[in-house]
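Structure below; questions to follow.
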């Protein structure tokens, strides 16, 4: 971890003692930022270290969220258990589809995962058990701490994802991933079991993303297929990642906070042109960010 | 002279009510439900002006002038949820007037409940809204199955008696609920249901359904959906030269824009309504139903239909409960809503413990000479049946 | 039997439209190696253009086809010159993000101007239809079918019978090789982007006649264009026709037998499977593009 990453870590730790000083509104903004940071960090394992852009990683966000929601609603499972199931189910799904999907490269890989995301959204919209296109209202959290609990849940998830990234950065596991990123064929010849490592990194991404989706569903209370499988969320996550720096540990968190604060402020001030500015921002970021950031700084 | 008087009354009202009570509403001004959302807003606005002209809402010894903060949810439930959360958390509003559409109400309900705010709504009829165990949601619409039941109840009284029915619906909690009401009632009455099928929300091409209906030649076609769906179904029935004896559609027919959009093709289509201007009740604000209709005509230049009336009724119920509670405490106002049984232009308003209205009937209108007239359960005019073929 | 026949006719009509609609997407992908996620929004842009011309000038969307194409052509030149040229050497994935941003931008701009209401172009023949034995032929669908057929043929002639067309195909096969025989790939990129965007906007006219639309319908159309391109293989007109008919049959039959709600799901699953199993499409072969 570099100096920048340590600053981000310090900031992250500081967030744990911040809530008493926050208004409801700010608490909500930071919770959203932490959510986005957890997604960006998850993607970073795959894109940053392994070099595969899973454009549709939000598929696992939706799966995690919906599994959690359905289990709580229909089987009255307690939240921790439902969340665990949602997370594991996302991981399992990733494990199953990784081998065929990860044979594809670059934009083919990206589009394939995006197709999966949209397809799962359509599937959920057509099934009875998921409440169809109408969506589901989850039970309302009435336990101790009120909605602050979600702030801490996302904070914990982000911290865990951060530490995983830090571990990947300097472990043998991480070196194997980076070898795949730099030259997959060479890695293979050197005896790296690329399929195994690619699958592992894909599944790790899906676990974190799925967990994030589960927490989100309970936090936001009302979910529907378009909000849980939203391509705009995928793009926001990538923009956060690009802004912060792909393949760095702290970058995704910093990017997520900057983007979320900008985006929330815009939304609060100019709800009508918010989408317009978001689109413009994405275009500008791709144009402005030098190619260098693509690879590790 | 009259204008001057009104101006004076408004001024008097303003000076009496120095404090402001802000209510919030996320309503569809754009998107699929833009027409219905605009009608709902008119209902709220008419109520607001009336209340403010009478000095505002009386809470204990104080009078509050009413302001309504509106946001456009673009007919998208997740946006509704986000906006209602903004109204409660950022704008600090405790009393929410409902959005239009069951899916939107459903989404808003979870948020209102979560934050312990209170919502009275006249825009969502799905029974699913009341099955969540929520304590802070009240609605002045009879639940959706009543829409379908009333259409079938009317159809079976007509001669020559219809024998077969096709039911199509938008996949949405309101429409599916309404379609199921029709399905069950049709079976009870011994009609043969030859088609019961949904199509996705927002679909703009119903060709595959039309091909099916065309092959089955049903006597009755019931379409459950919203305004846009009503228009689409009529257009496509005509396009596919399908001529049933009875066409009954939810939501669209009473809305003035329905006739505007379809012209002559709108003739003789039936539609269930929550309220019609042919009702006759006394009212604490407008005198009686006729007083309401006149006030509405004066402000908007056309007759009110039930989407506006539902909005006014919901806001009135909230107002009456606040005034009776004599406080802005959410729990006390809620208690007054539960205790309420009051006659208004809209009918008697009273809620069961789940928050849904249980004290008023519905009706069915038919478009005749470009106007919706009530034909069931009482008759402003005789229903025209069987429906002539499309021109 | 009558029903199946009717469904086949519907598939043919719809499929031919999809073929034409997707030509631009397929062409820019095949020649420039750009997967343009904003493509669907270009189509919707065309639909709004036709809508506006119909409302204010009373111009029939069929008559405004050349205007839409020209507008699209210029827009395509503009985007290529000021946007795409800057990112063509980047990681292709970055181009995806860029075009998605563009898609969000266009959809929201349309939403700001026209609001999220469902619009439809109410041509006088919208509800007319004719009986043909057991079949019912709706006038708008037949019209869109015939126009799509003609326009697709025109694109074919353009690619095969003109110098520009041959140059486009040459660049697609081998950029540097084309340069050695005096064709400037940069110029061809500009022209291809123009033609592709022109086709998108022109097909928007037809789409607007077929059904109602909102600013946010572009994403779904992009997926359709993508599916058509990948089923048939890139860049060739014949491939797009094959892909279009495939999608037409897929949509009409799943819509009828499984329910309208499953149509889009079926398309997406097929697209997913194609990407995994046969990313080069059914007709296979590298004709255009190196990917």
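Order of writing sets the labels: A, B and C. Residues in every chain begin at 1.
The rule we apply is simple: a contact is a pair of C-beta atoms (placed from the backbone, for glycine too) under 8 Å apart; a residue touches a chain by one contact, two chains touch by 3 or more.
Computed from a predicted model, the values in this text were never measured in an experiment.
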Label of the chain whose CA centroid is most distant from the centroid of chain C
B
Go through B-C and A-B and name the pair with more C-beta contacts between its chains.
B-C
Once you find the CA centre of chain A and the CA centre of chain C, what distance in Å lies between them?
32
Dist(centroid_CA(chain A), centroid_CA(chain B)) in Å evaluates to 40
Where chain B touches two or more other chains at once, by residue number
171, 200
Out of chain A, which residues touch more than one other chain, so two or more?
125, 133, 272
Residues of chain C engaged with two or more neighbouring chains
111, 259, 261, 264
Could you pull out which chain B residues touch chain A in their complex?
71-72, 76-78, 81, 85-86, 89-90, 103, 106-107, 109-111, 113-114, 128, 132, 171-173, 200-201
Listed in rising order, chain B residues that touch chain C in their complex are 29-32, 34, 74-75, 171, 197-200, 202-209, 211-212, 214-215, 228, 232, 235, 238-241, 265
As the complex stands, chain A meets chain B at residues 24-25, 28, 125, 132-135, 137-138, 140-141, 147, 220-222, 224, 226-227, 268, 271-272
In the complex with chain C, residue positions of chain A that touch it
53, 55, 100-101, 103-104, 106-108, 110-112, 115-116, 118-119, 122-123, 125-126, 133, 231-232, 235, 238-239, 242, 272-273, 275-276, 278-283, 285-287, 291, 294
For chain C, which residues are in contact with chain B within the complex?
2-3, 6-7, 10, 111, 115-118, 120, 126-129, 131, 136, 138, 210-214, 252, 255-256, 259-261, 264
